[in-house]
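Let me begin by handing over the structure; questions about it come next.
Just so it is clear, A, B, C and D label the chains in written order, and each chain counts residues from 1 on its own.
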Amino acid sequence: MFKKILVVNRGEIAIRLIRACREMGIKSAAVYSSADTFSLHTRIADESHFLGGAAPSESYLNISKIIELAKRIEADAIHPGYGFLSENADFIQAVEEAGITFIGPSSKSVKMMGSKTAARELMINNNVPIVPGTTTPIDSLDEAKKICEGIGYPVLLKASAGGGGKGMKKVFNSDELEEGFLSASREAKKAFGSSDVYIEKLIQNPKHIEVQIIADKHGNYRHLFERECSVQRRHQKVIEEAPSPSLDQETREKITLAAINAAKACNYHNAGTIEFLMDSDRKFYFLEMNTRLQVEHPVTELISGIDLVREQINIAFGKKISFNQEELVILGHSIEARVYAEDPDNNFLPTSGKIVYHRLPSGPGVRVDRGIDNGSFVGLNYDPLLTKLSVLGKNREIAISKMNIALSDYLIAGITTNISFLKWILKQDKFLDGSYSINFLEEEFIPLIPDKWKSFQNLSDVEAAALFSVLLRNKKKNKFDNKSQNNYSKWSELLNE
Amino acid sequence: MFKKILVVNRGEIAIRLIRACREMGIKSAAVYSSADTFSLHTRIADESHFLGGAAPSESYLNISKIIELAKRIEADAIHPGYGFLSENADFIQAVEEAGITFIGPSSKSVKMMGSKTAARELMINNNVPIVPGTTTPIDSLDEAKKICEGIGYPVLLKASAGGGGKGMKKVFNSDELEEGFLSASREAKKAFGSSDVYIEKLIQNPKHIEVQIIADKHGNYRHLFERECSVQRRHQKVIEEAPSPSLDQETREKITLAAINAAKACNYHNAGTIEFLMDSDRKFYFLEMNTRLQVEHPVTELISGIDLVREQINIAFGKKISFNQEELVILGHSIEARVYAEDPDNNFLPTSGKIVYHRLPSGPGVRVDRGIDNGSFVGLNYDPLLTKLSVLGKNREIAISKMNIALSDYLIAGITTNISFLKWILKQDKFLDGSYSINFLEEEFIPLIPDKWKSFQNLSDVEAAALFSVLLRNKKKNKFDNKSQNNYSKWSELLNE
Amino acid sequence: MNNYFVTINDKEHHIRYESGNSVEINGKKITFELADQNGFHFSLRFGNETYDIIKVQESNGNVSLLIDGIYYEAHVQSDLEKRAAQLMKNSKKQIHHVEVRSPMPGMVLKILKTKGEEVKLGESVVILEAMKMENVIKSSSSGIIKEILVSENNPVEKGAILFKIE
Amino acid sequence: MNNYFVTINDKEHHIRYESGNSVEINGKKITFELADQNGFHFSLRFGNETYDIIKVQESNGNVSLLIDGIYYEAHVQSDLEKRAAQLMKNSKKQIHHVEVRSPMPGMVLKILKTKGEEVKLGESVVILEAMKMENVIKSSSSGIIKEILVSENNPVEKGAILFKIE
């Protein structure tokens, strides 16, 4: 087995990977930027190495520094996690050329799937259904206009090299096209260095269904069922579940088969995810393939009993997949909620601060993947994901119930998070009956501004006023320790009269 | 379903039960003594009620107060947890007579199993193998001498009404009998109010194997496989696992059948545990039946996927068991470690203090059941169990590995715990190869005093000295906040020179 | 001063502090038990109900709390402050001003409204580039744009006023 | 004073504090990075190794830490204290006294040794009743019982001296 794995990531996923190494008796090496000097992942790894400044280009995205480090510390494998360099074919090629094993697919597979337009062509050739649209980047606004008239509005403009919702715009009629096209190109250029944009027919109110697959270097392919990730805000997933509440067994068989065909088409090995859009008739269309471990992999691990990271590492080493397709059964229903450092009351903009109090949820059926600890500072340099809460219940109703309890138990002080928002989602009819589409949040949540929380409060106004006043009373008697938080001036004024 | 369940317990098990109520949409009512005013279980319950003083007799053992409370708040069911009143037939009868459902067996079943000697007789009549010995209490030292000569030394003296190791003494020859008999009687009298003691043949180096069973009020009986709980110190379990590393399938079938026969013999309904001793030839002997939820139930829940508390509540309400015997498969290997407020360096005596920092372990396959939180005060009034860490892995090796990581991740400041001791256990050959018996800790650990930790340290002396000196250095520069801890006088002296 | 006014969901409640573990709210006396777990996290009991409370923020008399994980906000004033505010309000002839502030540092990419234009609650007013994303800043109030304090392609600090709405 | 002695596992190490993030140990200079997470929990890095350290206890120069969850203890002395201790030791003719203390409040049920009797490391000396259990107190040293300070059926406080061993 590998002697030492270099984990080129941070936050909760770095910790997930380091734990897997420790479990397998492999030495783990972490990396950190100047913004992560003592972040949790550096403390639990066997060793940790400084890369450079807080800007990703100086640290987590710096290919030459990472390759140099891997050689120097004699790491025989590199795990990229998700984001950062995980789908960067140049990086993978550099790793391969340095004689180090990349825990992931070959650079060739990644290249085949890296361009959305090339991937669409590949799917067409392999009988995987795709959304009608262009397979090559659009050169000009004129060309865009012609294409849109061809496939009919509404359409979706997408960055060719994109992901995570950046460079993605919906256009409902020809009047909106110009602004949408320019905005998408600008964002694409800034986020990915290429302003290439392509056009797709917009499937209205679709569900986001994705299939987890895994493949080894011996030509074995397995699927681990589907996940539903339609609870999205600006194309960022917020809550995921497995299995999907909307799939029947027939569609499950079709969609998992399509996913395996997609993986075979690019001669894939490693864990991977094939994303589909599904319309209300359960017709599904290939969206893209993520050639890496996915943020939401815990829900699949929980319902399948398979450790995907362990499989990834074994596969990269040349071992075969440890299970047969027939052995897998769906063990229950799993839900994941992403706890972000962002403020639902303030356009979901990222928040920062020092975590002065952190109470994790616990109990049967609760899994916590977290990147933070008491005392951690959360800055604005990186993805605002703090913690993933996942639950496993015998059925969906129990899973929702467990998630509600876990979210209530999770207390964080010192930074604003989206926990209240997550709890709000779990109470919505469209979520409870499973009918939600990817437009759910935009339709249901956004119009509530600014009174969105009130419907959710379960104390009467008098009860709440009483609670506030008792805390005031307490403060009057015992001066607060204001060292770790700010903005207390007014409160103090009130009490010092 | 029940409208409101009164949970008559405290600590981690009260929290486990309150969570189950919340999951099932049942109102939960907690109780507390003056030592538990704001303990975690009172905060997560829907309502909480004061019982009385810190002494258990004034609160958690006060039958009349509890019955009065249950009536007043209109609880339609009572869950006793484990310990306290959970196996008190008088209490159960009082609950039954008050027209409230007891979530547990009938008082009649408990009475049948409550006296160890009566239980032994019942087992003999139902073809469940028992350890040779007396079935009636011993009246005098003379009688004890005669019996011991009959069954042969070594013998074990046990309190008839006992449990948890109290009133239990090993006697290896006739010289030791008098002291052992008197000591066992004394302890029995103090702990249980009755000095009745009986005598059993001592099985040397046995394993403690117990079978989880569950039965409903419709005559359905199921077993949920076995647990091995041989890692014991003074008859208190420390680490448990499921399945047992020492059982073969043939013995598993025999012992689970014997367990179901034992449960049938007392016309049982509810979750219950039949404890056996198993010798090196895998011959097993009935030890006792615990007519309640067991501390170590999480390992069974993890390997079976069954929620035992949910089943208990449904069964008490009159529902049938939710699964068939054939549906159950062993999903993996599970281990539980009990984190106690006790000092392994000081005869394992209980410790107390305020928890000023609490970092819970997390990650895939880790379950945490805890009764404490940041800021909790741990006193000496009750059982020193703080937290149960349980893990599920595909096999025993992975489970051990996960437990090692969980124990490393679990940091507690403000109170001495046995975490180091638990880590020590997980490194021992006899634990790793599964050959340990119930004498394991006494034979392996106790002789190490007082240098037991040194073999376990993985830093060189110089490295450790460097760490100590850096902390000293830091202290010199930045004065500590000494408010929450004491005993810093000398340290301050050192630095103020 | 022992008199305070707590406004929640636009309803004002009169609080009078009593001695010991009791306060009077709207003339009704209530008793409580309170535990300060660590300065930010409190446990509070009224009767049989126990609440875990996390203080989220407080500034200018606006206090927000998570009570058993659910978000509440209130405006807290002493009677002195209340009278002062009343006077201010009268002198300003009850014109309601709202400032739309930048929630984070970034670059103003586009300003979608002009001075004097009408704007509705929730309508987009500025596109701010931050975190490599284009973030749409929406108006937190309806009214007329009175003043625009930023310009396109210029950076803004967190908390900087973008617009004033009347 | 910048000179200290840290004794771990009976080996003494000489520490000299340097300026900035470095100390000298046994003549070798090492640099470090340290983060005080909350007064009890520290993160410390030497080279590529990062340690999570929890302070367990400190009294009379004896310091115990959990370093990545593993227990370590050390005796820390300044050079002044070291010299004082040496003098004390010489004046007492190197007789080593050990006191066996009660680890918790309880009732002395039985005393198993008499004055002048020999006792071995780990041997039982007292049976203490506490928490409704009979707790056997073992000797933390070998030697001769010099003095017994408690009697049967009498209560003892936590930390009270039970025996002195010479």
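Quick notes on this one:
Following the convention adopted for this analysis, a contact is a pair of C-beta atoms (placed from the backbone, for glycine too) under 8 Å apart; a residue touches a chain by one contact, two chains touch by 3 or more.
Just so it is clear, the structure is predicted and the values come from calculations on it, not from any experiment.
Once chain B is excluded from the assembly, the chains that remain, linked only through touching, form one piece.
Most remote from chain A, judged by the distance between CA-atom centroids, is D.
One inter-chain figure worth recording: chain B and chain C are separated by 49 Å, centre to centre, where each centre is the mean of the chain's CA atoms.
The centroid of the Cα atoms in chain A and the matching centroid in chain C are 31 Å apart.
Chain C and chain D have Cα centroids separated by 54 Å. For chain B, residues touching at least two other chains, in rising order: 44, 357, 359, 373-374, 408-409. Shared interface positions of chain D, defined as residues touching 2 or more other chains, are 38, 41, 51-52. Interfaces, counted as pairs of touching chains, are A-B, A-C, A-D, B-C, B-D. Those residues of chain C that touch chain A in the shared complex are 1, 4, 6, 8-9, 11, 13, 15, 17, 23, 25-26, 30, 32, 34, 36, 38-42, 44, 46, 51-63, 65-72, 74, 76-78, 80-81, 103-104, 121-122, 129-138, 140. Residues 29, 37-38, 42-49, 73, 373-375 of chain A are the ones touching chain D in the complex.
Partner chain C is touched in their complex by these residues of chain A: 166, 183, 186-187, 190-191, 234, 343, 346-347, 349-350, 356-357, 359, 380, 407-414, 416, 419-420, 423, 446-447, 449-450, 453-454, 456-459, 461-474, 476, 478, 480-481, 484-485, 487-491, 494, 497. On the side of chain B, the complex with chain A involves touching residues 15-16, 19, 22-25, 44, 298, 301, 305, 307, 331-332, 357, 359-360, 362-370, 373-374, 394, 398, 401-402, 404-405, 408-409.
Chain contact summary for the complex, chain C toward chain B: residues 33, 35, 37-38, 41, 43, 45, 48-52.
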